[in-house]
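Report on the structure given below.
The letters A, B, C, D and E name the chains in turn, as written, and every chain counts its residues from 1.
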Amino acid sequence: MFFQMRKVRKSFGGLVAVNDVDLDVQKGAIHAVIGPNGAGKTTLFNCITGLRRADAGEILFEGENIKDLPTHRIAARGIGRTFQNIRLFPYLSVLDNVKVGTHLLNHTTLWDTALKTPRFRRLEGEVEEFCMELLRQTRLLEKKDQYARNLPYGEQRKLEIARALASKPKLLLLDEPAAGMNPAETAELDDFIRSLKAKGITIILIEHDMKLVMSIADTISVIDYGVKIAEGTALEIQSNERVIEAYLGKRRN
Amino acid sequence: MFVQQLINGITQGSIFALLAISFAVIYGVLRLVNFATGATYMMGAFAGWLTVQYVSRNIFLAMLAGLITGWCIGYLIEKVAIKSLRGVARIASLICTIGFSIFMMEIATVIFGAETKAMPSFFNEKAFTLGEVSVVWYQLFLVGTAVTILLLLQVLIFKTKAGLAIRTVSLDFKTAGLMGINVDRTISLAFSLGGATAGIAGVLGSVYYNIVNPTMGNLQGLKSFSAAVFGGLTSIPGAILGGYLLAIVENFGVQIVSGGYRDIIGFVILVGFLLFRPRGLLGKKTSL
Amino acid sequence: MKKLNIAAVALGSVLLISFPYIVPNPYLVRVAIMCGIYMILASSLNIVIGFTGMFSLGHGAFYGIGAYTSALLALNLQWPFWVTFPLGGAMAALFGVLIGVATLRLRQIFLAFTTLGFGEITRIVILNWDSLTRGPMGLPGIPIPTFFGVRFSQAGYYYFILLFTAVVVLFIYRLYRSRIGRAFIAIREDEVAASHMGIHLFGFKTLAFTLACSIAGLVGAFYAHFARFISADQFGGNESFAILTMVALGGTGSILGPLLGAAVLIIFPEVFRFLAQFRMVIYGAILIFVIVVKPGGIVGVRGVFEKPVQAIRAKHSHQKGGR
Amino acid sequence: AGGKQEKAATDEPVYIALTAPITGDYAEYGNNFKRSVEMAIDKINAGGGVLGRKLAVLVGDSKGDPKESATLAQKWTSDPRIVAQIGDFTSTCCLAAQPIYDQAGMVQLSPTASHTKFAQGSKWSFSIVGTQAGEQPFIADYAYNKLGLRKIAVIHINNDWGVDTARYFTENFKKLGGTITAIENYFDGEKDFTAILTKLRASNPEALFMAAMYNDGASISNQRAKLGWNLPVIGPSSLYSEQLLKLGGDAVNNLYTVVSFFTDDPKPEIQSYVTEFQKRYGLKPNFHASLAYDAMMLLADAMKRAGSFDRDKIREALQATKDFPGLAGSITFTEKGDAIKQYTRVMVKNNKFELFDKR
Amino acid sequence: MPLLEIEKLVVQYGAIRALKGISLTVEKGALVTLIGANGAGKSTLLNTITGVVKASEGAIRFDGMDITNWDSHEIVRCGICQVPEGRKIFGELTVEENLYAGAYILKDKNEVKKNIQMVYELFPRLAERRKQEGGTLSGGEQQMLALARGIMSNPQLLLLDEPSLGLAPLIVDKIFEFIQQINQLGKTILLVEQNANMALQVSSYGYVLETGTIRFHDASENLRNNDIVKKAYLGITV
């Protein structure tokens, strides 16, 4: 199995935000995690990337337990993410934001830098080219020299994705990428995520936009009060009584 | 002898505590270390000195003068510089406070001359003597006044609406404005309060040590800053505790180690302490 | 455009190189050397403050450690300058690592506090450790460096510091536009996000801090052999604050800024000596004025260190908008 | 360098440089330097100047910062109009500037630098304050033989001067058979001495030796009084200042020190200096002020004796100084460039300095 | 007289013109929706109304009073409240302190208590978390808190910037119900939404903003049937 969580648990004081959650993600799949607000989805991501340390359980990535690794090590294994509350580098340009994302790909040393070795030039050139390409794909090329903080909300979200992709992750965690996008923009995002899947990137997606989730997710896990209450394909989930009651509600349209 | 050192420490600590509060109030609102605190302390002392010299030999009047001077200095610093630096990286404001510190110190030298002035003592009679331990009335007065001011500030910040405004502005001034809070006035208030506390401390300190000069605030400012960090910087009770503890620790440090290491005993203990409790004594746990 | 730049650089270099001959006044050359020393100090501090967004108030101490190390080795063991000079940098770097390891995990303000404290501790230890440092007596008679057997003349010192400054500035310039520099800046902007990009926060913070300290140590070593008398009070808190002020006044986070800041703050007091006791008053006032008008410093970089566009506009239109 | 000026007797004055802390922590002392030197120059010029030329002073503010002092040295030495320099106040400043004066060949005459390495460090360096090695045996004798003290506690400022002062006193006092019960030091800028005093008190001394400048001395005395600790205090000549009395009030009574300059000295030249100083600046001169005055007068005398404004000749004449009658005692330089001084015992009684031996 | 009237408003960020002279009115008691793509300038408009961002040209009138470029706190005291984009919770204050801050301009303590009671009933989740620090709430909980805080001061005009952002479908329904509810109670609302479908369902009138200019405005019904709007904003292919 490509990515697995075994009885992962995280509590804050008395509150158990993630309660013995198991999760299996197939290589190359799009796996959605949904659930009511405060269910513990973001906390789950935080445990995966090491931003919060899980209290118990195992997190296996390509067969190895990454639960106790520090964040930068986890990133180095090939896990990238975006943040629900957008965490760009506000006063770096759009292009530089993406360049920081390539940190792990390029291994120039202090000596290379100081002496501006040919290796340094070559690597920097590659980085530049690669980042421009990513911006082209996310349609941010025009804004490459603007400060990230001056982008409108929706474009900041796109930039977060571009930055996460810059590290060529094998597993990408997206936390509500469609928040703040209108339906037309969401449709675009839908296509973009599919194209990532086509490139072989495995994706775990948190999203409240059911249209998006139902359309692209291969598997959906539902979490409520930190507990996984259901798992299955879009069709299975849509008709699951428990999920409807806790989360989906009876939509008007 | 240890009792005497304790009393020395508490007296000195009262001044540290007042200055530490001055740091904490301003840091609390703007996340800014006001390096002009020491200079404000000195200006307060000069105001007190002028009062007793030319108006009346009355310590309460002198304290009032110190308070008003400190208040005005705080207000001016905010209006002249800090206000226009909102939303800019904090280093700019910090450098400005250093600028004000230099400016005030040198202005004082130009106006009053570099010679140390004598501040008359008040309530200098012995309150009581216990064996070798001796306490004069002024020490009691100083500690009492400091504690009163500290309590008043505590109430102001945690029990009043102005206090809520201060705390709100400290977190996000734009959103605070959206709540109907007058951000400018709140920040001004915090600065003035900080200045006033430092000003009063200046008068109290100069009477205790009987001297006034343009450089008197330098070391006091630096040490009180440590005291404030020790206490947690954002926490008013923490700053108070930090002030007293630093002074007491220092005094015992002199007793046990040597006067030559006095200035670093505090630092060493604080640094060691912070390694284990990085948020200070009563500070809140926050990242960054 | 590019040609113009090259021409300007070439002209500048020629001027700088011929300076001791165009202006054969030892006083002015000395001022130029002091400028160089502080340019390097400010530039190195800028790595910590401007790039990485950490706050250090003890840079003077690392400068002092470099100076004392080099001076003591030269005085006690008669080691030549070319050996003691790098060792001064190494010793400062060592202390930088130690301080970094101890405090870089803590909240920002504690780095400021710890470095401030470290500065005091260094000064006081130097003063109290009589047997090694001669305490408050200071270290007189530090030997003049030799270059292939020839003792440095004033011009020698000048060229040394000129070259040194050029190397440091070039290094920082390259650093700024490299992966490492970007990692520093990312840490300044958002630590959490940076760590998710695979940046080892602690490692890179320590690297930035150590680099800055070692450069300061190197300048310290040079200073010791230039001044030939050092004492603890030359590396105290005032020194740290002065360097900090140079960075902020010139332009935090920019490459040119610290150079300019250092030059201005060294030259200004010299030019305005005639103001006698008003000199420092005006110094304070100008400092405040410059920062209020240009918060990022004279040539501050765009971004965090500059006033947001709307804030400037707001004032302007507020007056217009009638009530 | 100074050769040019001699030829034509011009109206252009002869320049002397004064390096002193006009601002900063030591501004008080620096300003006294400035006052005295200006007064001395006015007096010299009123008397027709030196060798037919008027004197003028260029003042440089070193802020008490050794680097500034050195930069000023470079400035002075590269200005061909300047023939000699007076200053700086602290020994560290003087030492930092020393290599520059040494290399350029200009007299560096410090009124106050007492660091043992200073005058020895260069043939161009002179100090007229007298080293602690000269003063302390006298004070130790005062304490042991005149005051009959046997057990003394020492408090000193931790700088080069304070360390030296305490060391020489301690050595000499012990040599006489006395006991030092405890030694404590403090750093410049300290305002709170209660902790140190409490500690010293526990060692049960008969008297306190205080190596401090008069401001700190007054503070220490005040705080000692508040602690209810009354005992005789003794200290070096730097305590001698009206400021001590003003700041210390009753707390400085029963303090013993020595002086080489005494404002109540009936000698006419001293009285005229004191009156004039008071008239011009509204305060009484102190020890440091008198030293700066002496420095200027001595320099003028050396120029006269040299018969030239040549930097080198001035140095030679200065080196040859013998029994120059200064306000603060007569000045004779040792081979190294230190002055040998005479001292008078004084004490504070009823808030006034009085001669001790008059009793 | 309309409650809010905006005339030829121009807003600039340095060289960027974010609003290029837009006019818009909101009648008393109305619920008006503003939709537009990312970067159209919706948030900028709301921020300008509340004085967070300053206008360079044009006028904003509230209840007949010219409030252009007043300071935020003065505008809020007139009875306008904005629930900002991205929540902007006071992270180190507790949930309850956040609510008190929202009621800052109210003088009457009982009224404040009453309002707190009301929002707790509305969002029981907040009542559960009343002592938790705002910064540690989940995204959706923060959104609830932001809304709750916004109505604490009994404003006449409520400016909502994407209130459904990041909320679970169930809660989104509830929020829209709530918006309608308080609108019926007499509050005037200007709603910015990406969830254009629902927004146009609950509102009476709508404006469509496109890169700083108003492209359409019409009754919500009509907008929903407008082909261009359908395609670009509702994600419905026609």
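One rule holds for everything that comes next: a residue touches a chain if its C-beta (ideal position, glycine included) is under 8 Å from a C-beta of that chain, and two chains touch if they have at least 3 such contacts.
Model, not experiment: these values are computed from the prediction.
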| item | value |
| --- | --- |
| Farthest chain relative to chain B (centres taken as mean CA coordinates) | A |
| Pair joined by more contacting C-beta pairs (C-D or B-C) | B-C |
| Whole-Å gap between the CA centroids of chain A and chain B | 48 |
| Approximate Å spacing (C-alpha centroids) for the pair chain B, chain E | 43 |
| Chain B and chain D: spacing of chain centres that average the CA atoms, whole Å | 36 |
| Sequence positions of chain A contacting 2 or more other chains | none |
| Contacts with two or more other chains, residues of chain E listed in rising order | 13 |
| Residue list for chain D, restricted to those that touch at least two other chains | 23-24, 27, 158, 187 |
| Sites on chain B touched by chain E in the complex | 161, 164-165, 167-168, 171-172, 174-184, 284, 286 |
| Complex interface listing, chain E residues touching chain B | 50-52, 71-73, 76-77, 81-82, 84, 88, 90-93, 97, 100-102, 104-105, 149, 153 |
| Residues on chain E engaged by chain A in the complex (per definition of touch) | 13, 16, 35, 37-40, 43, 85-86, 125, 136-141, 143-144, 162, 165-173, 194-197, 201, 231-236 |
| Contact footprint of chain B on chain C as seen in their complex | 49, 55, 102-103, 105-110, 112-114, 116-118, 120-121, 124-125, 127-128, 191, 237, 241, 244-245, 248-249, 252, 277-278, 280-281, 283-285, 287-288, 291-292, 295-296, 304-308, 311 |
| Interface residues, chain A side, partner chain E - complex | 12, 35-40, 42-43, 84-86, 150-155, 176, 179-187, 208, 210-211, 246-249, 251-253 |
